[in-house]
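Presented sequentially are two complexes of chain A, the first with chain B as partner and the second with chain C.
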Partner chain A sequence: MKLKASWLAAALLAVAAIILPAFLGAYPLNVARSIMTYMALAVSWDMLLRSGQISFGIAGLFGLGSYASALAVLRAGMSPAASIVFAVLFAGLVAFGLGFAILRLRAMYFSITTLALMEIFRIIMHNLHDFSGGPEGVVLPAILFNGEAKALYWICLAGLFVTIAASVYFEKSKLHLALTAIRNDEISARTSGVNIFKYLLIAFVATSMLQGLMGAIQVQSYGFTMPDTAFDANFTLLPLAMALLGGIHSTIGPMAGAVLLGVAAEWLKLKIPYGHLVVYGLIIILVILFMPKGLYGLAKDKFKKSHDNRVKGKLS
Partner chain B sequence: MLKKQSLPKVAAVAAIFVAIILWRPTVLIYGLQAAGLYASIAIPMGLVLGIVHIVNLAHGEIMMVAAYSSYMLCSWLGIDPYISLIPVAIITAIFGFIIYRLTIRQTLKAPELNQLILTFGIAISLTQLANIVFTSQTRKMSFSYVSASMDIGELSFGIYNFVFLVAAIVLAYGLKFFLHKTVAGKAALAVGQNPRGAAIVGIDVDKTYGLIFALACALVGAMGAMFITRSAVFPSVGSPFTMKSFCLIAMAGIGNIPGILGASVLLGVSENFLKAFRATRGWADIVFFVLIISVILGRSIRGKRA
Partner chain C sequence: MMLEVKKLEAGYGKLQVLRAVDLNVGRESVGLFGPNGAGKTTLINTIMGIVEARSGDIVLEGKSINKLKTHEIARAGIALVPQERELFPGMSVADNLELGAAFVPRGKAVIKKQLEMVFGLFPILKERYAQLVGTMSGGQQRMVAIGRALMAKPSLLILDEPSLGLQPSIVAEVFERLAILKKEVAILVTEQNVRESLKAIDRGYVMENGAVVLEDSATGLATNPHVISAYLGI
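Let's turn to the complex of A and B:
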C-alpha cells in the first residue's frame, strides 16, 4: 500500500511539473529551468556516489556535452535534436574510455583526477581556436524552438525525468545492491562475486551521459557557450551542495536539496550580487559537521524512531 | 643512494636539462623560479598530508587569506611585506588552528570523503567571503626591488623570483631538521606513521595534529606575505595552488618533503618550456593536469603490479 501511495505522489508531482508553465511567466520559467538542470546534475552525481566514488568533475562532462552538441550543429550540420543525442553518446563514449583508466583509482585520487580532467577539457576548448572558437566560444545559428520559453521548459523537464528515471532504476534494480556493496566494503563485495569494475563502469558511463544530456539541452536552449560558462565550477559546486543538504544515497534527497537551494540562490543573488555562493560553502561545512545524512536522512531516522516507538508501545 | 634502474633516468633528465640550458636559458631560469614558488606553497600542504593525513583543499585559500592580511597590514602601516611576514604567519597560524578545532577535528574519524568535501566547503566559503569583503578587484603593490635583474653576456633576466627558490629550500630542509632533530618534530613524525602507536607511548595525538596544522598554516601564511610582492591579490588567487600543491605531493610521494622540490622543478621547467613558444603558449596550463593524471595513474598501475 505504502509503495503505491508514493508512486501516486510522484505521478501527481510529475503532472504538476508538466502543467506548471501554464501559470508562470518567462522569468520564473527560466529560474525553474536552471533549478531543474542543477537538480538533474545533483541526482546524477549522487548516482555515482552510491558506489562510494566522489566525482569533482560534474562540470567537465556537462561542458563536454554542451560543446559536443554545439559543435555537432556548427561543424557537422546536425539538427539540434540529433546533436543532443550525439552529445549524450559522445559523453558516454568518453566516459567509457576514461573509465578504464580512472575507475582503478579510489578515494581522493579519483576525486582529484576527475577535477583535473575537467580542467583539461576546459583548456582544450580554450585553445582549439579554429575548431571550438577559443575563449570567445561558439554561437549557434538558432535557439531550439525559437526560444519559446514553455517548450524549452518542457525539454529541460524531459532531461530531468530521464535522470530521475535512471536514478530510480539504480535504486530499485540489482545495481543498487552491487553499488551499495562496493561502497560498504569493496573487498567483501569482490569475494562475494560482485564484478566491481563492471558496475562502476556502468554507473560512471550512465551518469556521464546524463550530465552530457543536461549540458546539450542547456547549450541548445541558450544558443551559445564558451569555456568559462560550459566548465563553470558552479556546475560542480552547486549540485554537490544540493545533494549533501537534501541527503545523499537517494533520489529524493538531492531533488529536495535542489529545490531548497535553487530557490534560495535565486533570492540571494538579488540580495548579494557578489559572493552569494558563500552560503553554499557554509552549507557544505555545516551539513558535513552536523547532519552527514542530509535532510532526507534526518527525516527518515525520525520517522523510523517514531515507528519503532509505536511498535514497542503495541507490544508492551 | 641511487638505485641501478634509476641511473638511466637521472642521466636522461640531466641531458634534457643541459640541452635546455644551451638552447633556451630563460626556460630554465624562469622554470626554476616558478618551481620555487610551487614548492614553497606545496611543502606545508605536504606536511599536513603526511602527518594529519588530511587533503586540505582549502590550502591555497589560507594563502589567499594571508596575502590579503599582509596587503592590509602593508597598506595601513606602510611597511614592507617582508616585515609583515611574521605577524601574518601568527595570524594564519591562529586562523588555521581555529579551523582545525572547529571543523577538521570533528571529521578525523569520518570517512575520507567527508574530509575532502569539508575542506572543499571551507575553500569555497573563504573565496566567497573574500569576494564579499574585498570584491573581486585585483590589488597589487609594487616594490622597486622586485625588478632587480642580472646580465650574463647578452642574456638579461629578473632575479628577484629566485627568493622563492631560496624559501623553498629553506622550508624543505628546515622542516626536515624539525621533524628529525627536535622532540616535537619526532613526536609529529611518530603520529604520522602510526597515530595509535604514538598514543600508546604517551604522545598527545590531538595536540600534535593541531600543532602541525597551525604550523603548516603559519608557513603558507608567510608565503602569502611574500606572494604579494610578486603578484596581484584577488579572491580566487589561491585555488590553482591547491591543485598544483596536491599534484606535486602526489608526484613526490606522501611524506617525502624534499621530493616536492624535484617535482616542482619538473613542473616549472616544463610549463616554461611550452610558454617559450608562441604556438604552444596557451597549452602551458595543461602540462600540470596531464602530469597529475599520469602520475596518479602510473602509481595505481605500478601498485597493482607490486
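Let's turn to the complex of A and C:
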C-alpha cells in the first residue's frame, strides 16, 4: 500500500511537471529549466556517491557533453537530436576509458582526480582554437525548437525523467546492494561475490552519460557554449550542495534539495548578485555540521521515531 | 577433497608469514588453532585471494583457485565470515541476507531454500528481518554474518574467529549451530576458543609461526599434551 501511494505521488508530480508550462511564462520556465538541470546533476552525482566515491567532476562531464553536442552539429553536420545522443555516448565512452585508470583510486585521491579532469577538459577546449573555438567558444546555427520556451522546458524535463528513472533503477535493482556493500566495506563486498570494479564502472559510466546528456540539452537550448560557462565550477558545487541539503543516498533527497536551493538561488541572485555562492558555501558547512543526513534523512528519522513510538504505545 | 592447500607461502612485503602450509578439508568440519600472530587469518585471507600467494597452490573441488580474484573465489563456492568488518551495518537483515545470494549464481538459484535454512538455524533473524544490523547485539550480528555467508550456498564455509567479542553463552550457541551446520556444508573455522570449538569439529590443525605443527582428530587434539597445556589451560 505504501509503495502504491509513493508511485501514485510520483505519477501526480510527473503529470504536474508536464503540464506546468500551460501556467507559466518564459522567464519562470527558464528558471524551472535551470532547476531541473541542477536537479538532474545532483541526482546523478548522488548515484555514484552511493558507492562511496565522491566525484568533483560533474562540471567536466557536463561541459564535455555540451561541447560534444555543439561540435557534432558544427563539425559533423549532425542534427541537434542526433548530437544529443552522440554527446551521451561520447561522455559514456570517455568515462569508460577514464574509469579504468581512476576507479582504482579511493576517497580524496578519486575526488581530486575528478576535479583535475574537469580542469583538463576545460583547458583542452580552451586551447583547441580551430576545432572548439578556443576561449570564445562556439555558436550554433540554430537553437533547438527555435528557442520555444515550452518545448525547451519539456526536453529538459525529459532529460530529468531519464535521470530519475536511472536513479530509481539504481535503488531498486541489484546495483543498490552492490553499491551499498562497496560503500560499507569493500572486503566484505568482494567476499560476497561483488565485482567491485565492474559495479563502480557501471555507476561511473551511467552517471557520466547523464551529466553529458544534461550538458548537451543545455547547449542545444542556449545555442552557444564557451569553456568558462560549460565547465563552470557551479555545475559541480551547486548539485553537491543540493544533494547534501536534501539528503544523500536517495533519489528524493537531491530532488528536494534542488527545488529548495534552486528557488532560493533565484531569489538570492536578485538580492545579492554573486553573494548567493557564499550562501551555498554556508549551507554546505551547516548541513555537514548539523544535518549530515540532509532533510530527507531527517524526515525519515522523525517518521521512524514516531512510527516506533506508535508501535510501542500499541504494545504497552 | 573439498579444499587442498599445498605448500602455501604468503606474507606482507618483506615479512614472510605462511611457511609451506599444507591443509585439507573434506566434507567435514575442520578447526584451525594457534596463538595470535600464528598466521591463521593470513591463511584464510590467502585462500580468499585477499592476500596474494607467493608460492604453493590452493585447490577447490579439484580446480586451482590460486589465480582467481576474491569475488571469483566467492562465486566458485567459498563463503567467508570474516573476523571483523563482517556486516554492512547500514543495511537491514533482509538486505544483508539478499546480498549473500545476489552475486553468487549458485546461491541466487536457490535463494528461498537457503533463506528457510538460515531461518531454521537462526530463528531470530526471521523476527528481525527488517531491522538494521547496526542496531543488533554482537551475537545477533554474528548470526547475520553466518546467515549471509550461507545464502551463497557455499561448498565450503570459512569462519575466522566466530567467537571473538561474544559473551560465553552466545559463543556456546554459535558452536552448537556450527555442529548442526556441518551436515550441510564443509567448514573451516579458525578459533582461539579451542575448548568450545572442539565440540563442533571433526579434525583440527595447530599453527605456530606461520606453519602447521600439528594435525589430529578432535578427540586426538583434546588429549594432546601440547594442546592441553598451550590452548586448554589445564
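We adopt the following convention: the second predicted complex is superposed on the first by the 316 of 316 C-alpha atoms of A that agree within 3 Å, B and C clash if a C-alpha of one lies under 4 Å from a C-alpha of the other, contacts with A are read in each partner's own complex, and residues count from 1 in each chain.
Rule of thumb we're sticking to: a residue touches a chain if its C-beta (ideal position, glycine included) is under 8 Å from a C-beta of that chain, and two chains touch if they have at least 3 such contacts.
Source: prediction; values computed, not measured.
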Between chain B (first) and chain C (second), which does A:T113 come into contact with in this model arrangement: first, second, both, or neither?
first
Superposition-derived comparison: chain B or chain C, residues of chain A touched
B
Which partner does A:I123 contact after superposing on A: first (chain B), second (chain C), both, neither?
first
Who does A:L244 touch here: chain B (first), chain C (second), both, or neither?
first
In the superposed arrangement, does A:A165 touch chain B (first), chain C (second), both or neither?
neither
Taking the superposition as given, does A:T180 touch the first partner, chain B, the second, chain C, both, or neither?
second
Touching A:A9 in the superposition: chain B (first), chain C (second), both, neither?
neither
Which part of chain B faces chain A closely enough to touch in the complex?
55, 103, 106-107, 110, 112-114, 116-118, 120-129, 131-132, 135-136, 243, 246-247, 250, 282-283, 285-286, 289-290, 292-293, 296-297, 300-301, 304
Residues of chain C touching chain A in their complex?
48, 50, 69-71, 74-75, 79-80, 82, 85-91, 95, 98-100, 102-104, 148, 152
Taking the complex as given, what residues does chain A use to touch chain C?
174, 177-178, 180-181, 184-185, 187-188, 190-196
Interfacial residue positions of chain A with respect to chain B in the complex:
52, 54, 56, 101-102, 104-105, 107-109, 111-113, 115-117, 119-120, 123-124, 126-127, 237, 240-241, 244, 272, 274-278, 280-285, 288-289, 292
